[in-house]
Structure formats: structure tokens, C-alpha cells
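Below are the C-alpha cells for one structure; questions will follow.
Should a chain be cited, it is by its letter among A, B, C, D, E and F, assigned in written order, with residues numbered from 1 in that chain.
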Amino acid sequence: MRYLGELRDGEMFKETYLCKQLQILKTKAGKSYYSMLIQDKTGIKDAKVWELGPGIEHFDTMDYIHIEGQVTCFQGSLQLNVKRVRKCQEGEYDPADYMPSTDKNVEDMYKELLRYVDKIKEPHVKKLAQSFFVEDKDFALRFKRHSAAKSVHHGFMGGLLEHTLGVVRLCDYLADQYPLIQRDLLLVSAMFHDLGKLDEISSFPENDYTDEGNLLGHIFIGTAKLNERMKTIPGFPKKMASEIMHCILAHHGELEYGSPKKPALMEALALSMADNLDAKLQTMKEILTGEEDKNDWLGFQRLFESNVRRTSDYE
Amino acid sequence: MRYLGELRDGEMFKETYLCKQLQILKTKAGKSYYSMLIQDKTGIKDAKVWELGPGIEHFDTMDYIHIEGQVTCFQGSLQLNVKRVRKCQEGEYDPADYMPSTDKNVEDMYKELLRYVDKIKEPHVKKLAQSFFVEDKDFALRFKRHSAAKSVHHGFMGGLLEHTLGVVRLCDYLADQYPLIQRDLLLVSAMFHDLGKLDEISSFPENDYTDEGNLLGHIFIGTAKLNERMKTIPGFPKKMASEIMHCILAHHGELEYGSPKKPALMEALALSMADNLDAKLQTMKEILTGEEDKNDWLGFQRLFESNVRRTSDYE
Amino acid sequence: MRYLGELRDGEMFKETYLCKQLQILKTKAGKSYYSMLIQDKTGIKDAKVWELGPGIEHFDTMDYIHIEGQVTCFQGSLQLNVKRVRKCQEGEYDPADYMPSTDKNVEDMYKELLRYVDKIKEPHVKKLAQSFFVEDKDFALRFKRHSAAKSVHHGFMGGLLEHTLGVVRLCDYLADQYPLIQRDLLLVSAMFHDLGKLDEISSFPENDYTDEGNLLGHIFIGTAKLNERMKTIPGFPKKMASEIMHCILAHHGELEYGSPKKPALMEALALSMADNLDAKLQTMKEILTGEEDKNDWLGFQRLFESNVRRTSDYE
Amino acid sequence: MRYLGELRDGEMFKETYLCKQLQILKTKAGKSYYSMLIQDKTGIKDAKVWELGPGIEHFDTMDYIHIEGQVTCFQGSLQLNVKRVRKCQEGEYDPADYMPSTDKNVEDMYKELLRYVDKIKEPHVKKLAQSFFVEDKDFALRFKRHSAAKSVHHGFMGGLLEHTLGVVRLCDYLADQYPLIQRDLLLVSAMFHDLGKLDEISSFPENDYTDEGNLLGHIFIGTAKLNERMKTIPGFPKKMASEIMHCILAHHGELEYGSPKKPALMEALALSMADNLDAKLQTMKEILTGEEDKNDWLGFQRLFESNVRRTSDYE
Amino acid sequence: MRYLGELRDGEMFKETYLCKQLQILKTKAGKSYYSMLIQDKTGIKDAKVWELGPGIEHFDTMDYIHIEGQVTCFQGSLQLNVKRVRKCQEGEYDPADYMPSTDKNVEDMYKELLRYVDKIKEPHVKKLAQSFFVEDKDFALRFKRHSAAKSVHHGFMGGLLEHTLGVVRLCDYLADQYPLIQRDLLLVSAMFHDLGKLDEISSFPENDYTDEGNLLGHIFIGTAKLNERMKTIPGFPKKMASEIMHCILAHHGELEYGSPKKPALMEALALSMADNLDAKLQTMKEILTGEEDKNDWLGFQRLFESNVRRTSDYE
Amino acid sequence: MRYLGELRDGEMFKETYLCKQLQILKTKAGKSYYSMLIQDKTGIKDAKVWELGPGIEHFDTMDYIHIEGQVTCFQGSLQLNVKRVRKCQEGEYDPADYMPSTDKNVEDMYKELLRYVDKIKEPHVKKLAQSFFVEDKDFALRFKRHSAAKSVHHGFMGGLLEHTLGVVRLCDYLADQYPLIQRDLLLVSAMFHDLGKLDEISSFPENDYTDEGNLLGHIFIGTAKLNERMKTIPGFPKKMASEIMHCILAHHGELEYGSPKKPALMEALALSMADNLDAKLQTMKEILTGEEDKNDWLGFQRLFESNVRRTSDYE
């Protein structure tokens, strides 16, 4: 497959892509044309059908389409000038080719996460973690494929797993460094801190906020789901249940970031800082590696309230 | 019964009160004495036992005690100089005399609330309201007695009911004024908006934050409890369930006030403003009526960021 | 009359509209054309004269013009392609057809407002209200026609009256609910709270900030005007005068919203919250009803710091 | 007269002072005593009458009293142990001795201010300034004696004049430096920027917020007073009137500091910054000279959000 | 030379300008064209080369180019339609014609600044000022030519000197008015407060943030440079050195404006306010004089959080 | 030695302590007494000398004194009732006994820090680190003994080393996890991030802000010191120097926390978050272990804007 990221100005193309968006517009002269966003795992490109005719079959937003035409350049960006379009059937394409995806090995990451489940000692807490990650195969499947965001950090397939693992690892490190921390509580909270994202954001290829997600948010959704599961585990200590739920509720660290409670336990504090650290460093990484001219100042970044640039080489 | 609010400087007293707090301290000269906070429904007073002797029986914080002695005045405030203390048995006193309480009729208020339950038309939503207010007798009992706060507005027995009714009434008024509002959704959300306070704050006479309350907060607790109840009602529309929970989650109006979501529906917006309006006006009322010198400027009030005074008479 | 809101793509038109804005521009090729904003009470549309010729008479911004041509569609929005233009004379059109206007009955609303004037008991305060609403015919006329804003909530003819009445009604309701409130003070303050808007914003069809409005703002203008009027009423109690002016000054509730004083009286607090409530709910209504696709998420709304959507139906 | 600032530990005294506050309290042992705040122009001291007897005549808060006794030291501060008290008659004392007062010559400052009035060229504006400062003798008298604050900067007799002159001088300097500034507008606005303080704060010796001051604030009071005066000057240009009032309204510079408008004219901007500069430097001066140990760090000052100290000597 | 600010619609031109930016783009039809920003001291204009041919020689961003063509008007703004381009050699043009520049006499300003250096009495402090302004000829040259900003106030050649002198003058005035101020400290701090801008911003014609400027900022750079210089002056009192550096560090007045310390000395406070005053008034001046329609409201200005307009004439 | 932390109510004592503060006060009855703060490594206690007599020798603040007397309890806190005092000579005591101190092994921590110095590869950067930690013996000595704060986290001997090591370790971990990070830059910045504290805060036993510290702050002091040292290392790359200084300047993460620059490099971001994480967790640890009743809610903690409690036990 020839990916969008590999196309060059002037090149002819003949390939299957995902049509993320289709609009039917008119030129000033009143002639209809199609304006599309075309996606594969390497990114998104603008495409146009200027001449509607017999080679342009019917298709719709979110269809996989086989297109032919030529690459042009409009105001510095590549654009696909499409001459023929055909809607594809399931089986003609592998959806994985069309979603941005983690560059790490998903199965390896999941195995590492399971090792942290094994590390939990308190039997009820361990049972809680196992009930999701070990015993619930459907959950495991969805957890591996989900993203951690619509657009910002870890907004790709496997992103939820990659981010969760990054936070769990750092929490385990912190439990080593600060002996006052209860490792079991911190590990289990880290594993489930973004649990609610499975319902807040729809699966790929859509990867957008659901109605429930917009109304309730992943913090509530995830905490409520844990609450129900803990009630099914006989003898789950009520105090531990409250502490785990507190860590999830407080993991955004500040009320204005959507946590209904500020961290009141050392583990809640540690989790919120670990989550923030992994998110910010990943966001910075995505900014720094997303730009071609990597050694220049990249302009003001609102999240960091600063102009940023890639560091010079020390080796 | 002679209430604390009726005692005058120099007067002898012989009465039963609730001991809200007991501390054993020493004078500069090294002699032990008791320092107490004594409560009845009219308020709280400072009391001292300067001479520990045979007339001073053993008792503890939160005991009802029968005390004798004389009222004195220390730096402008009345203080009880206690000569004899005896711990009382259940039955010797009526707890209702010792809790601050709404000055409205609790049963009348509850009946009015039930009329709003009747006004709900959508059958699943009505069922939800009835399952608590009509069918759950224990819930009804607790709801009538609970306060809406530890100290600020409506921090007295019946306060939760009085505040809830005030908000429900205003919401019903708003549904009349703004026809776009879905009355059923607004009424049911108003009825349950502080549901979580039943678990966040312990019952009188303690009336303090519980461990669960400190960790999870009434917004989460109440929404999660509704969530569970709605799942037991066959065919409860998922979208309505999300909308009701959204209204509860968003009822503080701003993230920094502990709502994990800002109002995204017109009813959520209306509820948050009605709740705020009733709370602010009640707080102002408590400030204005709590001071004896009612027509003067009462000094800077932090909540209102202003000096305040009672308005002059227009009639 | 065929309103702008009724025009469809491809349709020929021949109608009189208000020209809100006229710009003379050039195409890339250097040819002159007219770009206009055309308004009637149903909204504003983009219009172009591509061919300047004998059928295009002279006219200017804020003229009423009779135009002929065809409706086209440019990038999803309707656009008027104008072939002939003629400036109209007064009498050829009814200005009321060209201003957005309340959908309520203005005279009914005004009568209801007068009933609240009657409800005021304190004679000086009642005299103050009557001196404007009853005795000053010119004032009454202007008050009925004015908008409450340049663009946001109630920014249409009759909007000032509709908003004022909404606030007065809610204040009357609050005076019922909270007996500590002095009804006369609250009613009169509600009636006049946006008095200064008559001078801050010019009349329709202009409906824009005046020089005085930009420099002084409606809070100062209205309070100063009341101040002068009260001085003409013999024996007006100075304390009441201060209290009324305080309520107007403080009605934005927060210093950062332009009130030079925070509410220090219960009525000032009630007024500021009633004003806010009516404004926010009306704004939400305008957003929810202004969009065609009414059941979808409508995108992030800056005022509400949230994505919003219309609630599902409960009946 | 022996001023409070001159008294030393152990010294006997016999002098007339102003009793700013009188409280009747009881010792732990139940014995009544008087606790007073005693004031003269050099400051305020704590005083006690431990023994009530025939030498202690009746008096009240704000009386001038002749007292005898001995200076003692309590926890590092001087305290007056009073043995005899007698209330004085008018004529026995000169009130000027009992009010803190500017250390500059009031008449010289007033003459300098009049020279700036003369400097105004536009005849209506000049007339406005003269109508207060030249023609209104009662106004002149009050203006010279008033303070500019209850407690912070320039909170002493003559403080309003001293601060006003400081701001006028700086504004005149700025009009020299920035030719775009309209000097007449800036001078007249500077002269009247704190006009409302004459009514917001009562005269000495009380020097406290009035009811009107608490409700309306000096920004509104002063602007409204100017508004009325300008209407009495025939032909006063409306645009200039609005510009002058704008400068007064906006002189606190920020909405959150109580200005209902942000500066929109260059002169309003200049005035707000000149006012702020004079106020802050004077406050810093009062802090630095109010402490005995002048070369040390004086501790965290909330207004400046910093620990501060006096600068070392450069000459 | 015919300046850009003098060109009129339709006019033919033949002149040398600085090419601030060159982009090679394509039309919708796929044809390449050049889009340029052309600068001289009167401003910046958009220019296009639609036809690439033998008359269009090679050139690049920041080259001085001689261009021929005709002025056109596109959407209300003038645009240069370029037919011929030739890159110029050094010597063909005077760079001073192409940079915006102060309208004051640079040498006069510098002489005035030197008089303030002479006014300093403390010998070490005077030596410090002389070592830069008198003895360091290269420094003097760069100081006279530098701007004080990339775009906002004083962003032109000579701007750093003009702003520095404005602040020094005001500080000298303040030292007259407030005798507690140490004039030497305030003058020297004012002279060097923006010293770091020489390294934070590159010289004209580039006038943009340097790498060092982006990473360290002028506050640190300038303070560190002074620190090194003071160490070379024998016997420089350590306390004075700290005080001078403190004034520079704190001269932005608030931590959120990039000062790592809030003003803790009266001179630091005075400097921060003088700097702010000169900067704000200059910015306002640049806004008010930069617009052609000088007497209208100019729209919302983000820095001033207000719509602004030029004041009416008083003379 | 019997430490202050071991004393019990009623016990007689006879021991040498550090007198952190001495005040000479008077009782109400006018009798002089001494009020002292007495310190050893386990904490600070209040002490009084009620009877001044021959057994009470002369001493001053910061003297080591040998005292005798009895422990009493005043309002719930232990107090030392001192009967005899004698000032001690150097040699009679070991200062280390009187300073709070890290509970970790200082030499072990230092050795671990040196291993991180060894890990740096870039020769100039390594040279920089060695020039302080390896070659400057006096620096090493001071670095090991210093605290990281006057009162909050790590405010004890060895605290600077312990905190620095905690941050270095975490940074090394982060360099493992995020390969885009330049390890050398992050390690060296972490080692020196609080370098300026050596001069900002005086050594034990004083441990208070110095004059230079108050005026300049540790961020500037440390960065300037590094700047000078780097200039002495031949060929130190200017870009690396700027990047290292940027990381130090930006390590507080936000302008309002005193950093004059926000993090613009990934390493600066990582350092600021690692510093914050170690500081917050250590502060939480100090709060949780500083209270005796370890399992209760400990009350509202301003830094964390929350009530906090110790977590329940999971093992």
C-alpha cells in the first residue's frame, strides 16, 4: 500500500483510503464538486473531485473508497485531484492501515501491564484488577485498541494502553521511592484511571466524543463502573473502595481540570502528578516530532504557553 | 426547658444540654479544668468547669449532660460557669431540642414535594422519583431530618428538605417561564440534586463530613446512587438517564466549585442557577438575621466579598 | 413580502430589503463589484452585484433598496446574486419588517409591567416608577422598541421590555419566597436595572454602541438618570434613594462584570442573580433554537465553556 | 502638649486626648474595667482603667478626655494605665492636635492646585474647575481637610489634597512628555478624580465609610456630582462632558478595582496610571517610615506581595 | 525615493525595497506565482509576481530588490503587481530607508541620557553607567540603533533609546517628588532596565527573538551582564550590587509578567511603574496614530481590554 | 542526650539546647519574664523563665544554653518551665544534635549523586558538573549540609542533597522512558536546579533568607553562578550553555511561581515536573508523619487545597 505520507507532488495514485469527511459544494460559477478528507494511518489529506461523472460512484462519509488521480500542490499543501472513485467492500482493506496507531508492540505492553496486576498483593484489589484485565476478554480487546484522546496526546490506536502503562510504570517507580505510598492502591488506581475513556470516546475509526461522554465525562463513568464491579467482589473493604474511587475522581489534580475532588491521599496526589507528567511529555514529544523542520523554534504552543524547540544534540 | 439563647448574665441555671466538645486543659498555674462547647437548638455556648470535684461526674463529647451553675460574661460573650455535671440517660431528653432545626413545618414541606413528584409525566422518570420519595420510607425519614451543610446555608435539621423544595419550586417556575425547558427533567434533577448529602454528611447531632464524604463528595455519591436505581427500572431510556445524571453532575455550575462537567443542557443550566440562587439568598438571610444589631453594617462577608447590611423598611 | 429566511437556492427574487452594509471591491482580475449585507427581520444574508450597469442605481449603507436577481449557493450558504438595484423612498416599506423583533406581544408585556408598577406601595418609590412608565409617553415608546443588547441575548426590538419583564417577574416571585426581601425596592430596581441601555445603545435599525455608551456604560448612565429623577420627587428618602441606586450599580454582581459595587443588600443580590438567570437562559434558548440541526451537539460555546445540545423529548 | 508618640515606659502623664473607642469588659475574676483606644495626631495607643472609682467620670467614645496615670509596657507595646479621667469641654483642646495630618503646608498645596486650574484653557472646562475650587468656599474648606482613605495611603487630614496635587502634578508632567495628550482633559480629571471621597468617607475625627459611601462608592458619587455641575454650565460640550466623566469612572484602571469602565482614552489611561503610581509610592513610604527598625526586612506586605526593606544609603 | 506609504491605486512604480518574506505558491489552476511582503520605513505591503519570466531574476527573503509594476487594490488594501524584479547590490540602497525608525533625534536623546549619567553621585554606580554609555563605543552604537520590541511599543530603530530615556526622565521626576527614593539607584536601574534586549532581539532589519533571547529572556540576560560588569569595578559595594540587580529583575512588576521577584525596594517599585507607564502610553499612541480614521472608535484592543478612540480637541 | 521530642509532662529536665529565640516580656502584673523558643534536632518547644534570679545567667538568641526545670502542659502543648540557665561554650555540645536533619545517610547520597555525574557523556557538561561536585571540596561540604527550604519541604540539614538526588533520580528514569530527552542536559540541570539555595538561605542553625536571597532569589543566583563557571570551561558550546541556563530558569514551571521563563525545551519541562513531584510528595509525607493521630483527617492543608488523611493499610 502506498500511504498518504509517501505521496509526492505530481505523482499519479490508485489506492484505497478512508473517507473521513465528504462535502458537496459549488464553485463560484455554480458547478458542484466534492471536497473530501482522506485518511490513512499516516495522516489526513485534502482531496477534490472537480468533475462529477460516470467514474464517480456513490459513497459517503466513513466509507472506504478506492480512488485514482494525481497529486497537486495548493498553497504549499499536497492535494489529491481525484478522477475516479469506487466504494470498497469489507475485506478489500485492512482497517488497521487507516488508523493512526502506537509505534510500540501492543501485546508486549499488555503483558507488561499484566505483570503489574500480578504485583498487587491485597486479594480484593488484585481480584478487581484481574476481573477486568485477565478475566474479561472483551474488555482486554477494547482496551488494547482504544485511544486516550480525540486529538491531543495518545490520540491513536493503542494510545490508552500506552498511556496507562506509562502511568503505571511511573507509579511503581514512585512507590519504590516514597515508602509511605501504598503500592497496591497506587497501582490499581493507575491501571483504571482512564477506564471511563472506553465509553467517553467511541472506537476507531470514529474516535469522537459519545453522547454519554459529553454529558458525563470519563472521570464519572470510570469511577461508577469500578464502583459496580467492586460491589460484586465479596468482602471488598468499604474503606479501600472509597480510597480507590477517590484516586480516580481526583486524578486530574485540580477542580478546574474536571476532578470533583482534590487529592486528599498521598496515592491520589502521586497518581495525578504521574498522569500529568506522562501526558505533558507525550504532548511535547508529539509537537516536536510532528514538525519537519525539527531544529527551529516551532511557534507559540498554547498548552505550554511558550514558544518551543527541539533541544540540540549532546552526543 | 430554658434554652441557651434565653440565658442572661448572672443567672443561675440547671438544665440538660448536649456536650458538643469536651477538652481537658490546665491553667497557667498548672491546675486542670474542663472547657466545653454546649449546644441546644438555639445555638452553641462556651462553658467551663473550674473546680473538678465529686459533683463533676464522668462524661464525654456528644453526651447529653445535666449541668448546674451560673452565667458569667467574658470579653463580651456569655460563658457558663459549671458547678455540677451529670450524664443523662436516653429518655431524659428529646434530641430535637438540641439540634438547630428549620422553622418551617417538615410534613407540610414534604407533602408539597410529593405534589411535584406527581407532576412528573414521563413514566420512567416518575417511577424513579417515587422509588425514593414515596416507596422508600427509610429514605423519606432520613431526607426529612438531614441538613444541607455542615455549617453554611441550611445547616440545620430539615435543611436538606427545605433547600431541595426551594430549588424544586424555583425550577417549576422556570419551566413555566421558558417553554424550551423539559419540566420532567428539571424537576427530577432538582429533587435529587443534593441526594448525595445523605451520605456525605453524617446525621445529627454529629452533622459532620463522613470519610466517604471527604473522599468522594456528594456530587459523585448522589449521581452514582441514581445510576444504580435507574438500572433497576425496566426500560429506563439510556439517553434520559444520562441527561438526569448530567444535571446532577453539573449542578455546581463551575468546575472550580466541584462539578466535573459544566452545564451542557438548558435544564442543567437552570438547575445550577436555581441552586445557587436559593443558597445565596438563604446565606444572606442567615447573616442578616443572625446579628442582633440588625440595621447596621455587619462588616466584610467573605462569601459576598462585601460589607453588608439589612435594608431599610419600605412599608 | 418574501422574507430572507424563506428564500431557496435557485429562486428568482424581487423584493425590498435594508442594506446594512455596502462595500465596493475588486476581483483578482481588477473588476469592481459590490459586496453587501442585506437584512430583514428574519436575518442577514450576503449579496453581490457582479455587473455594474445602468440597472444598478446609486445607494448607500442603511438605505432600503429594492433588488432583483437570483439566489445561489456559495460554500453551503445562500447568496443573493443581484441584477438590478433601486433605492426606495420612505413610505414604500415598513421598517418593522426589517428589524429582528420579539415574538411576544409588546403591548401585553407593557401592560403586565404596569401592573407591577401598581404593586409598589411606598409612595415615593411608586411615584418614581410612574414618572417614567406611566407619565413619560416618549420614554414608554422608546422602552417598548429598544433592544437589550447589540448582539447577545435579547438583541432585538422589544428585547429590553421582554428582558426587563422577565427579571421583574422573577423578582416578584423571589419576594414571595424570601420574606426578608423588601418587595418595593426589588421591583423598582428590576424595572430600571437596564434603564441606561436606552442611551448606551442606539435605536434600531442601527442598534450599536453610542459614543456615550462606550465611554460611560449603561450602569452609570441609568443610575445617574434615576438619581436626577429622584431629586425632583419631593421628600424622596435619601436612604431609599441610595439603596435603589446601589441595586442598579451592583446588578452585574461582580466587579469584573462592570459593577462598581458588589451587592451589599439582599435585594441587590437577588436582582443580580435574577438578571443573570434570565440572561443566561435566554442566551441558551437563542443558541438552541438558532441552529437547524436541533438534536445534535452544537459545538463549544464560549459563554458556557461547554459543548451544548438540545435536550431529548420527555412527553 | 505631650504627644502620645513621645511617651516613654514608666513615665507619669496628665494630658488631654481623644477617646476613639471605649469598651467595658470584665476580667476573668469578673471585675469590670475599661479598655480604650486613645488618639492624637501622632498615633493611637491602648489604655486601661483597672480601678473604677470616683476619679473616673462618665465619658463616651469620640469624647475628648483628660487623663492621668502611668505608662507601662505590655508584650512589647506601651500601654496607658489610667487612674483619673475627666471629660473635656469644647474649647479646652484644639481638634487639630488629635488628627493625623499631612506634614506639608495645606495652603501652599492649595495655591499650587489653583495654578493648575489657571493652566486650563478650554473655557467650559476651566469654568467647571473654578466652580468648585475657586467659587465654592465651603467645598475648598472641606477639600483641604479631608483624608483620601480610611486607613491606607493618605489616610490623614489634608491627605485628599496632597494626593490630588501629587496626581495633578504627574499628569501635567505626562502632558509635557506625550503631546497626544489633551492637557485640559487630563488636568481636570486629575483634580476631580477622588471628588466622591468627600461623601464616601466622613470627616475627621470619624473618618469612616458613610452609608452612602458603602452603597455607592466614590467613583459613582464623584462622577454624578460632576455630571450635575456640568449641566449648569451653559454650552458645556456633551462630548467633553462624557470624556471627563469617562476619565473619572475609569480611574481605577481595572474593572476588578471598582471602575465600571476600562480606560478607552489616552487621558483616562494616563490618569489611572498616575493615580496608581502616587498611591503605591505613598503606601510604600508609609510602610518604610512607620517602622522603627528602618534598615531591616519588614516582613511580607500583602499589598506588594513581597517582603520589603528600606534601601541602603547612596550618598 | 518613493515610499510605500505614498503609493496610490493604479500608480506605476519602479523602486528598491526590502523583501521581508518570499513564498512560492500555486494558483488553483496549478500555476506558480510569488507572494511577497515588501518593506520600507513607512510600513509593509503585499506584493505578487503573477508571471514568472525572464524579467524576474533570482532573489530571496531579506534581499533588497528593485521592482517595477503597478499598484492595484485587492479587498480594500493596496497590492503591488510586480512585472520585473532585480536583486540589488550593497551600496545601491541605504538600509536606514527600510527600517521603521524613531521620529526623534537619536544624538540629542543620547546626549540627554549622558547628562543623567553625570547626575549620578555615588562613584561606583557612576563608574558602572560610564563603563557602558561613555567608554564602550560599540555598546553606544548598538544601543542607539536597537528597538525595544519585536512588534509592540517602540518596535523601531532608536526605540530602545527612546524608551530608556522616557523611563529615566520619569524616574528622575519621581526622585524629585518622593525624597525617600535613592536617586542614584533609580537612575542607574532605569538606564539598564532593558539592557538585555540588545541580546534578546536581533538587530535590524531582522529584529526578531534570538535563540538566547527565547531561552533566557532580557531580564536575566541584562541582569547577568550587569553582574559581571560590577565585579570588574573595584570595591563595588555588594549590597548596592544586589539592589541594582533586584531593580532590574523586578522591573516587570509582577511574577506573571516574567519578573522572578516582585519589587521589594521603593526604587524597584518606582522603576516598574515608570516602565509600565511609558510602555502603555506609547502603545496607546501607536494605536491612535496608526489608524487613518483617527476620530472613530478603533475597535477592541486586547492589551487594553477595551474599545478605544482618539480624544476630541480641547483647543 | 534527652531530646525535646522525648520529654513528657511533669518530667524534670537538665539538658543543653539551642535558644532559637529570646523575648523579654512583662506579665499583666508588670513582672518581667523570659519567653523562649528552644530547639534541638527533634523539634522546637516553648519555654518560660518566670523567676529571674541569680540562677538565670545572661544569654542571647542563637546561644546554646544548659537549662534545668520541669515540663508542664499549657493548653494541650508541652512547655518548659525553666529554673536555671547557663550559656554553654563551644565544645560543650555537638551542633548536629540541634539541627533537624535528613534521616538518610549523607555520604551514601553524595556517592550516588557522583555516579550520576559520571553518567554524563558530553565532555563540557561533565566538566561543569565535576568542577562543582568533584573538584570543589568546599562546595561539596556546604552542599551536603544545606537545607532546601526555610520551612516547607526538605527544610533540614542534608535536605538540599536529598531533594536534589530525588530529582536527579527521577530525571534519569524519565530519560529512560522518553528517548527524545537529552539525558546529559536533564541530569546536569537537575543537579544544579537549586544551586542558588546555597546563597539564598543561610546555613544552619540560622537557615533563613539572606539579604541577597530576598533581593535576587535562588533562580537568578544559581543561573548566574553557572553562567560564570561555564565561561571558564574552554569551548563550552554557547547553545548548550543557553539550554542549561534555560532549564534552571524555567524549573518552577510557571511565571507566577517565580520562573522568568516557561519551559521551552522538553528537558526543561521534565525538570520542572520532576522537581514539583518530589517537592509535593515530600511535603505530603512531612504532613502525614508530623501528626501523632495518623489515621484521622488532619484538616484543611492550604498547599493541597484539601483536607488530607493517611491511607489505610493494604498489607
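The rule is simple: a contact is a pair of C-beta atoms (placed from the backbone, for glycine too) under 8 Å apart; a residue touches a chain by one contact, two chains touch by 3 or more.
A quick map from chain label to UniProt name: A, B, C, D, E, F = Metal dependent phosphohydrolase.
Source: prediction; values computed, not measured.
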Report summary line: Touching both chain D and chain E we find C, F
Report task. Work out which chains are contact partners of both chain A and chain F. Result -> B, E
**Report entry** Per Cα centroids, the chain farthest from chain D
**Finding:** A
Query raised in the report: How many angstrom between the C-alpha centroids of chain E and chain B?
Result: 61
**Report entry** CA centroid of chain B to CA centroid of chain D, Å
**Finding:** 44
Query - Chain centre separation in whole Å, for chain C relative to chain B (CA means) - result: 42
Report task. Among the residues of chain E, pick out those that touch two or more other chains and give their numbers. Result -> 211, 214, 239, 243, 261, 264-265, 307, 309
Report task. Throw together a list of every chain pair that touches. Result -> A-B, A-C, A-E, A-F, B-C, B-D, B-F, C-D, C-E, D-E, D-F, E-F
Query raised in the report: Contact residues on chain D for chain E in the complex?
Result: 121-122, 125, 166, 169-170, 173-174, 177-178, 180, 182-185, 237, 239-240, 243, 261-267, 269-270, 273-274, 276-277, 280-281, 284-285, 288-289, 304-315
Requested in this report: Name, in rising order, each residue of chain A that touches chain C in their complex.
Outcome: 23, 25-26, 28, 30, 209, 211, 214
Query - Interfacial residue positions of chain F with respect to chain B in the complex - result: 72-76, 297, 307, 309
Query - chain F residues touching chain E - in the complex, by the definition given at the top - result: 211-212, 214-217, 219-220, 223-224, 227-228, 238-239, 242-243, 245-246, 249, 255-261, 264-265
